[in-house]
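Next come two complexes, and both contain chain A; in the first it sits with chain B, in the second with chain C.
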Partner chain A sequence: MAEYTIKVRRFQPESGEGPYWEQFNVDLDPSLSVLDGLLQAKDKEDGSLAVRCSCRAAICGSCGMKVNGQSTLGCKTQIGEAQEQADKMKAATGVSAAEADSPIRGEGSDLGSADNPIVIEPMGNMPVIKDLITDMESTHWTKIRRVTPWLLPHGEPPEREYVVDPESMIDITQSMACIQCGACVSSCLSMEADPGFIGPAALAKAYRFVGDPRDAETEERLHDLAEDPHGIYDCTHCFSCIDACPKGVAPMDQIMRLRRRAGEEGIEDPNSGHDHEMAFVKIIEKKGTLDESLLLQESFAPGVKGKLKPSKRAIKEMLGSIPTAIRGIKTGKMRSLPKLIPGVHHKLPGGAQDDVQAIYRHAETHNEEFNLYIKGEEGELAEDDVEKGIERSTEPAGQEASNGQ
Partner chain B sequence: MPSHDVLVIGAGLAGQRAALAAAEEGVSVGIISKVHPVRSHSNAAQGGINAALNPGDSWESHAFDTIKGSDYLGDQDAVEVMTREAPEEILHLEHLGVTFHRNEEGKLGTRAFGGASAARTYYVADITGQAIMHVLYEQLMKYSEQIARYEEWFCSSLALDENGECCGVVTRNVADGSMELFQAKSVILATGGNGQVWRPTTNALICTGDGIAMAYRAGAKLMDMEMIQYHPTTLAGKGFLITEGARGEGAHLLNANGERFMEKYAPNKMELASRDVVSRAEQTEINEGRGFPDGTVALDITVVPKKRVHEALREIVLVGRDFAGVDITREPIHIKPGNHYTMGGVKTDIDGRTDIPGLYSAGETACVSVHGGNRLGANSLLDTLIFGKRSGRDAAARAKRTDYARISKQVLEDEENLVADLMSREKGSGRRISEIKLELGQTMDGKVAVFRDEAGIQEALEIVKRLKEEAKTAYIDDHGSVFNQDLIAAIELGYMLDNAECTCVAALERKESRGAQYRTDYPERNDEEWLKHIDLERTDDGPELSYSEVTITQWEPQERTY
Partner chain C sequence: MASENIKVAYWPGCVSRGFTPELHGSMALVAERLGIELVELDRANCCGAGVIAEHNQELADTLNARTFALAQQTGLSMMNICSTCQGAQSECQQRLDADSAYRAHVNEALSGQGLSYEKGEEGGWTNKNFLWLLVEDYGLDRLAAQVKRPLSGLRVGPFYGCYIVRPKERLGYNHFPDRDIYLEKVIETLGGQIVEYDGARKCCGFPVITMNRETSLRQAGTHVGDAIDAGADCLVTPCPLCHLNLDMQQPEAAKVVNRDLGLAVLHLPQLVGLALGADPKELGMGKHIASTRWVEERLTSGVAA
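Moving on to the complex of A and B:
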């Protein structure tokens, strides 16, 4: 048993007051969950503390919440680990994860352990109804329904089962593993900017049908999701949903699969996203670090070696990028103008570029789908990689190459 | 007043399947659930669903395994219906989009499961319940014009008309606290089991026996309430489930001396004997000092090839890692028997009809009985779907031939008074709801579990009666309308106490050992006196006992060995 202080962002809609923080001291084994901590506070101190929960085993998807700012399931986060995380955050930044902008109530506020409490908030990108309970209907379920979330097979079903490639069933089982908890929606940066974005959960659900060989409307689904301005090209590729997902669904990967399928269908990517991504891949392969002077050219007029032969659309896109570039320079996010002259960009010192290329070779020889139902856990791929001196940090590279972008 | 031809209470597999089946018959359907439907506990069914669909397998073989598993307390007509209709149901689900595991030819593939004489368990990795339930929910969304969904509405009382027929239910909209009387021509109870009466349990916090208690209070008979399954592989302390699929894939059970002890108890089926047999074997090892100090034995999954574990048992890799800190592909995990399933419930016929006209029940809430004294793994999903479907159809047929009854608002007023009383109790006027729940759970797990005897059950019954009194003055903190979970917990506690009382009374009555009921004071099965169901009916003085015959069609009871 150990003592913890949890600091909960509360909102009691019938009180006429705004949200506030309340601290509770709880006493439980470090291997128990943050949800267990909340339930102890609810059981022993305040039954009005509202939190949706049911299975306690990360299966039902009820208890999506933010713990120390990270979207997750309360039942899946061990309270001991949450405390370590809060401590680490404080050590790294000098400030505790707890904000101090709202009044604090409760006994915990006077105690020493309250110094660095575990901070618990309702999920983001959703209206809060009461305490940790959010309105998922308006933000999550309406979007799930937006993607026509049921199988649309062609004609009458066969007498027995549909005979399909066994791998295809395993492939979509990854998105079937979604428990609709909303953690990915809560963490989605695109949705923060564009609340209309269909979002990671609904698009992962959409892939479940697009990837299903029994579904007969793949083409229509892809056009629908690609042509909607809030559709598959609205994802900014930030990986937040992959971090947040408690079930390994990797929603962003499912979105990338949708984009690839859309590309195969001949649908044009309005953001030139694929070319833009490949621009990074090519530049890093050649130079080791990002040479911004090449980025626009490679993104919008790829394939012409060393020469700028842009199409009409590329010219438009490049002109359109100028304000962004100027803002970038002004705010120090891009380097100064002289360094934007092609050819000035320096190379990596010593043999570092060879190491970069080794990573590329590794990624190419491991060109597989990253589906946990097929591949298993990280542990396995690590072993022989470590021998070759390649750390796990190469994984995202492998992953992206494997997504065929 | 919201009105639907058929009203389904509970939206797990049984409820959703019932709603879809009723809608197919062209009637209007409402489905009410106290949580969002996809949060329902059918999610937790990991391992799979049984059906004799392979060439060479037969429904008779499936039926026999089920009946033997039930320790001959299952009604054989009901078991026949379930096993005969199973293959068609699997294909129906596959056509709706369930991503069942395929063999190399791309056809449906199976895995082995406990108590079965053939590999006939169809599955989706180890998220079978979740995969099926989400597909059924897709269908609910698809047919939203015919099926109205009331998500996060809590039901508290059934309404009967002047002829004693069920004609509606009192509900509370959890989101705003408003209470309404819903009218219906048929009502189907599909609210799941009562696992929360025990602590620990594999069951979710929502499994508080609501439907069983509501039916009981309305005057319907309950049956086989003493039959409570303890699952052989649950995590110590937390009660989380490790799927039987693990043993189906070849995992071993070991005691602290490293012995594969099932050799002694079930030399033929070993780890894949019936659940009651395996749970008793484990508990015996633990009681006789061959368990680990934390009161457990070990489940060794390392003997299963790693790739297979990741493909087929991924969920428990996560459970091991996140909840026990164990990598199950590298080391054994400590487990023990834990409360898991309610074989008994609301007594129904093979079309889900209870003793009250217009009232149906399906799934874990109901007792048809197909599971008798012990349910086989991967038969629960099947039960929910087959009897969900059948009750949905029959409820629709009834609705077509009847009119809405005159419904009295009295039941709504009674319920409103009850809520007002709960809200008015002063803090400190009695015990906290959570304290009573904890004492109830620990009492039941201590005294009405794998091994039982008269003194222990009697003691549990006395405690339950005291807790019932204490519940009358227990207070709640939340006096608001919006998401008042405190108030709902207080009503659920009432349900749980009714469930507990019935289980104690039935367990005390059955003076033999059969299936999950093992009486150390009556260690033998006694067909002569006890090959019968115990029925319970509510009176003001507690449950009244009666008996009903076990239906036997073609399988005479014989000695049960594995």
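Moving on to the complex of A and C:
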């Protein structure tokens, strides 16, 4: 048993007051969870402390929250580890979360350990209903519904169930692992800047259907997701959702799969995401390293030199980048021809460019995707599986299958 | 380990020789002063920045395997100076290391060039950002001993760049759990004062600058503004792509967040260089868009906070 101080961001709409922090002292084994700590505080100190939970075993997805700023499940975070994290950040930054500007209530604020409490907040990017309970409906579920999260098969339904080859479903098992907890939505840095972004959970769900061989409207789905300016090309690659997800769904990876599929369909999007991708890929093929000015030009107006009329967006974006370029010329940052004139950038030296091009030719005929979630690491089981004693479903390597009993 | 000479295969990346040339220059200068020998990989290629992987994962893996193989030919471990290179290359390396059959498949594409990427023993062959190398291999004690002009009173906000902090599992946090507080450690070692603010480990917005300019610039502008409000004299970043959005685009970001900004953003080697006594001009600080004059004044006047 050990003593911990948890500092909870609380809010009761009926009080008419704003949110405030309250500290509770709890006493439990370090291996128990942050959720256990909250439930002890609720049980012993304040029954009005509102927290949503059910299974307490990272299965139901009810207790999404932020622990020391990290979006996660309260039941999947050990309280001892949460304390270590709080201690580490305090030691590194000299800043304790207790120095936050909101008033602090509760007896914990009188105690020594209280200068470095575990900070618990409701999930981000969604409204708070009460204390740690957020409104999943207005954000998470609305966005999930946005992607038509059900199968759209064509033709007469079969008499019994739809039969598919199990192999063809492996690709989407990762996105199917989602438990709809909202931790990824809470963590999404793109959504923080653009609340309209469809977001990680819904896009991972979208891939679950795009990748399903029974679905007949894959192309329509991809058009819809790529052509929405807040769709797949609005993700900033920040990896927050990957670290937040308690089930290894890696929503960002699913978004990148959607981009790949949309690219293969040749879908042009209003964000020029596909043009940007293609420009990047072609520049490296030709030059080996990045020609930044050519990337800018080609992202907005691919093949502009050969076009009489670049699009309105291209003209606007190119004009918009002029002040930045002028500033760069003034300071000397961009004062060289290759940086100013698209396409002047040098190739790799001494035949190295040919080597890069040979790689392109090889990869174009393969384009293999190696999915670690599915294949696992060679010769060892994933930690989770060892804990649960579960054998991997896909048996990628012989060794693994025999070790997995 | 800390007293040994450090010699690394050096991958400078694209942007450090493109729109942030001051990074490449300041790294060379600082490496010399620290006694880190850099063997530049001038035949290596772009890491793909996640964009090539989005297009064709095997292409990205093979391109980076080529860079790793070139580095391995020198018999040295590899160092990069870009969070994005670190993240994109670690992603490919993770897949290559996970499976010998896949590695052999990728190496097949390299065989015509006489190259092959070999998985190192645990910790045997590494690719580390300068930040990681500085803390883990060079050592903070050794760095402290090199400080000629402590950054006394300089209030520095760390800005990591997503690719070097997430995903933790891929980036070796199991073995090096403190990698997300190294900037703080370096700032402290150099005698500076750490400014903690909301954006230190958030996204600069750069990856969507061409796709969703407003979202991108709002991210950059918000973080710069938060750092100013927290009292920062400057930011420091190990990522030149973050630098593009935080510094080069700062005047545009200011328009989007509708406030005055004007905060110097230093590359990590520049901050180290200042503490080693290098001249701000030699470190290319005059090339920045957001003026670094305030930083220089604070250092020369020796004003304590």
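Everything below uses one rule, namely that the second predicted complex is superposed on the first by the 258 of 405 C-alpha atoms of A that agree within 3 Å, B and C clash if a C-alpha of one lies under 4 Å from a C-alpha of the other, contacts with A are read in each partner's own complex, and residues count from 1 in each chain.
Throughout what follows, a residue touches a chain if its C-beta (ideal position, glycine included) is under 8 Å from a C-beta of that chain, and two chains touch if they have at least 3 such contacts.
The shown structure was predicted, so the numbers you read here are calculated from the model rather than taken from an experiment.
Contacts of A:I322 after superposition: neither chain B nor chain C is touched. In the superposition on chain A, A:K88 makes contact with chain C only, not with chain B. Of the two partner chains placed by the overlay, only chain B lies in contact with A:M176; chain C stays clear of it. After overlaying the two complexes on the shared chain, residue contacts for A:D165 are found with chain B alone; chain C is out of touch. Of the two partner chains, chain C is the only one touched by A:L290; chain B is not. Using the contact criterion defined above for the overlaid structures, shared-chain residue A:V344 touches neither chain B nor chain C, since it reaches no partner. Applying the stated touch rule to the two superposed structures, the overlap between the chain B and chain C interfaces on chain A comprises residues 372, 375-377. Those residues of chain C that touch chain A in the shared complex are 14-15, 17-22, 42-43, 45-46, 48-59, 61-63, 66, 87, 94-95, 98-100, 102, 105, 108-110, 112-113, 162-163, 165-168, 177-178, 181, 184-185, 194, 196, 202-203, 205-208, 210-216, 218-219, 222, 248-249, 251-252, 286-289. Residues of chain A touching chain C in their complex: 88-89, 92-95, 189-190, 192-194, 197, 229, 233-240, 242-243, 250, 256, 259-260, 263, 271-273, 276-278, 280-281, 284, 288-290, 292, 296, 299-300, 317, 320, 323-324, 327-328, 331-334, 339, 348-350, 352, 355-356, 358-360, 362-364, 366-370, 372, 375-378, 396-397.
For chain A in complex with chain B, the touching residues are 12-14, 31-32, 42-44, 46-48, 50-62, 76, 78, 129-130, 133, 136-137, 144-145, 149-151, 153, 157, 160-166, 169-170, 172-173, 176-180, 209, 212, 214, 247-248, 372-377, 379-380. Remark: chain B residues 35-36, 38-41, 43-44, 91, 94-97, 99-109, 124-125, 127, 130-131, 134-135, 138-139, 141-142, 151, 175, 204-206, 238, 240-241, 306-307, 309-311, 314-315, 317-319, 322-323, 325, 327, 432-434, 476-478, 480-486, 489 touch chain A in the complex.
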